[in-house]
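Shared chain: chain A. Partners: chain B in the first complex, chain C in the second.
== the complex of A and B ==
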């Protein structure tokens, strides 16, 4: 979690200098990817939304090619052509990420279908999506088919109560769990800012998916402490942000593990060194050659 | 012919006691018990739809170039729903629109000519069955793409709300459309904005020849809709009076600012999905559909209540057949538009 936070801080600095493009940060939501990914097996698949930095690091992406990819360099994981919002790493079964809100739901349903009926693997698919994505048509079609075909799908909803700068009363007419229940998908809720609770809930849900072979939803209440996107003004007041900052998952974790300042500084230093190396690696890398586009 | 609906809207201010009394009546029920005349009118309408379709199918068998999606067995739905509507209420439907069109007060002549692709048709022969439109009678459009009509109807309802009219929009679609993403987005927006719209889901249990459980997580759509916080009701589609009464109640809610309403009507399709398409449902299933024929059920009910006598029934049937024959003659007299004429009528070609 600290790695994610520090990587994001570094990237934000790079955004301001113009080296990185406008990124979507998951500051405040790190506990979800960390908690869920820690419960997944290496053989399980992952599909994510547009906030990819957090799940990617939680899945254990190698830092150098990851950083090069985000900065759009040829040595990146996807040759610098995917960037933040299309990054993938099939070796780690991190299959797709989508910038279009909600698209990941139907793709993940299809992937889970393939895993169960064509590849016949004993694996599950975990899909991360936001609360706003549940208002999308793709989500509806995906969940319907997932429920009909009984595919091993874990739907992790990161409920940050925001769609860009829009409040849920403009995009959610009813609670999210009701929507899952209407498809006959069991939905459980947990606090997404406490990594131990996330792990606990994820473990139960994943066991349920593996045993039943049918989709299960996990709705995690969380807070987004950063802007929706680098360079997009936040409409929330400072007072509200301060209130949300009290729920910072890192603060909670530090208190829970009883980490003192010395350990924290030591950890931070070592991670920062790793990040600095990755950034230097990315900077030294060439920009990708544009492939010929066939019309 | 459009049916008149008379809402109880007092013109003069009421005393407190009067108002309370009115409210208690309204709270009791918002539907009316149909008069004998109305029942006969409903029956006649169902017979007209059936006669129209029978004639079209027969002509198609004899070689006329017609391809339709038969509405056989579902007549009670459109008849019941549209009889509770006002002329200015709008209807948006799916690929199976005759029943809705005739019930909303469309002329049989124009419809038949449209099917024949003649210039005296409703849309001058350019729309055909699946792109039918006659805004004059409140029949906004039919849409062949499954599910697409839902978002379009939601847009029409938004217009009514922004124009502050008291009109309602009715959207007809099948249960297969509820697996479509447009369904999700349309219903959600209607809920968020509290739009005056009645969604009528004609659940015939099959998408072409695929049983509902193969593509829906729940055979009945209504529980899924309740997840949006929308009011729902499930009605038997062979009971035309029941459909009408539920519609009246729903419309009362809608017109009084209660937001969208979802009505699911359980029906059986007697014919194939589309004429000339093989019906691969089990014979038992088809027999069950024939046994649940709404016209036979309603006729038996009317005869038992002594509202309808056999000679009257024969007369209604004969009249309907005559009307259809007139419509076919009307259609055959018409001429097709030339390509140049047709191009002048469309936005882009």
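== the complex of A and C ==
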């Protein structure tokens, strides 16, 4: 979680200097990626929304090519062509990420169908999406397909109570779990800012998906402490953000593990060194070539 | 099989092209266990359209709900682990419902996939018949503007089968159209039997050789132009080019022909405005090595809705009479 936070902090600095394009950060939501990914097997698959930095690091992306990808360099995981929002790393079974809200739901349903019925693997697919995505037709079509086809899919809802800069009163007329219930998909809830609770809840849900071979949802209440996108203003007041910051998953984890300042500083320094090396690697890398485009 | 004389050609069978597409898929399924069919009512459609697939590969027919965009994205998801999907979107108008899957999901997934492994093979099928406001819109030209899509529109069963085999045997996203208004009885016997060969994309077919006028078309209007030219005088000696693939577009074949004839006519069943004919005329006008002896011309459908009254349908897509008229004008 600390690595994710520090990578995003560094990238935010690079956004301000213009070295990175405007990125979507997960500050405050890190416990979800870390908690869920820690319970997945290396043979399981992941599909995500557009806030990919957190799940990618949680899945164990190598830092140098990851940084190069985000900074648009040829040595990036996808040769600098995918960027932050469309990363694909089949080596880690991180299959794709989608900027268009909701697309990940139907794609993940199809992937999970193929994993079970075509590949016949004993693996599941975890899809990460936001509460805002549950208003999108693609979410509904995807959940319908997942349920009717009985596919091994864990739907992780990062419930940050925002659709960009829009509040739930504009998109969520009833609790999210009701939406899953209408497809016969069991949904449970947990505090998404407490990594131990996320792990516990994910473990139970993943066991349920593996045993039943059918979709299960996990709705995790969380706080987006960053802007929707770097460079955009935030609808929330500083007072509201300060209040949300008290739920910062890193504070909770520091307290829970009893990490002292000395240990924290040491850890921070070592991670920052790794990040600095990755940034240097990306800076020294060539710019990508425009690929030959044919249909 | 009898010729269609009705206002509605589907009342008669008109299934030669459809059967050929089914057999093209079947040819590939026999050798490739990763090909699966997805679509609304897929099992019912295969029952009628391709009993061989229904009989031999029933487990590879995946019937999906009426959720076009979800279905395309579902198929793209399956392709990520090696399934080669054929997604049946049925009527062309439903393509609007899954523009996102066809234009945003499938080609972009392939663009990024190509950075780490071979592109995925994804085929999306759809069909045309003029019927009403949202039944039968011709959208093929629209999709030629989207990078990363092959746009294929055969005019006869032989081409349909060979082109479908190409779609399934090569990586890439292919949008494959079927013209249900081409009557079985209007199809040349030579164009029915399978050649056994795959037909490459981006290679037009010279249906008739000639040096007086280059006529470029595809699908229904190709068949109409063919009949006009085959009737002989005064249209003998016209060169007829069947595009078959709207993207990639075989401009080489068109340029070679126009260099010879100096006259160009594009006849399209789609709406003329911003259509494939506009692209072809622009390309020719930009070609420094092509000298025209008459102004190039396009003939296509008007910028209008498809009215419900079938009495009005006959004037929408260039008829044989209309084609004769515009050809005569080009030859004068």
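Going forward, the second predicted complex is superposed on the first by the 293 of 295 C-alpha atoms of A that agree within 3 Å, B and C clash if a C-alpha of one lies under 4 Å from a C-alpha of the other, contacts with A are read in each partner's own complex, and residues count from 1 in each chain.
Everything below uses one rule, namely that a contact is a pair of C-beta atoms (placed from the backbone, for glycine too) under 8 Å apart; a residue touches a chain by one contact, two chains touch by 3 or more.
As the structure is a computational prediction, the values presented were derived from the model and not from experiment.
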With the two complexes overlaid on their shared chain, look at chain A and say whether chain B and chain C clash or fit. clash
Using the touch definition from the top, say if A:100 reaches chain B (first), chain C (second), both or neither. second
Classify the contacts of A:148 with the two partner chains as first (chain B alone), second (chain C alone), both, or neither. both
Contacts for A:138 in the overlay, against chain B (first) and chain C (second): which applies, first, second, both or neither? both
Tell me which partner A:89 touches in the superposition: chain B (first), chain C (second), both or neither. second
More residues of chain A in touch with chain C or with chain B? C
Interface residues of chain A shared between complexes with chain B and chain C: 137-138, 140-141, 144-145, 148
Can you tell me which positions in chain A touch chain B when the two form their complex? 135-141, 143-145, 147-148, 169-171, 173-174, 178-179, 181-185
In the complex with chain C, residue positions of chain A that touch it: 45, 47, 77-79, 81-82, 86-90, 95-96, 98, 100, 103, 106-115, 118-119, 137-138, 140-142, 144-145, 148-149, 291, 293-295
Considering only the defined contacts, which chain B positions touch chain A in the complex? 179-185, 188, 191-192, 213-218, 223-230
In the complex formed with chain A, which residues of chain C make contact? 34, 36, 62, 64-65, 67, 69-71, 73-83, 100-101, 104-105, 108-109, 111-117, 147-151, 172-174, 201, 247-248
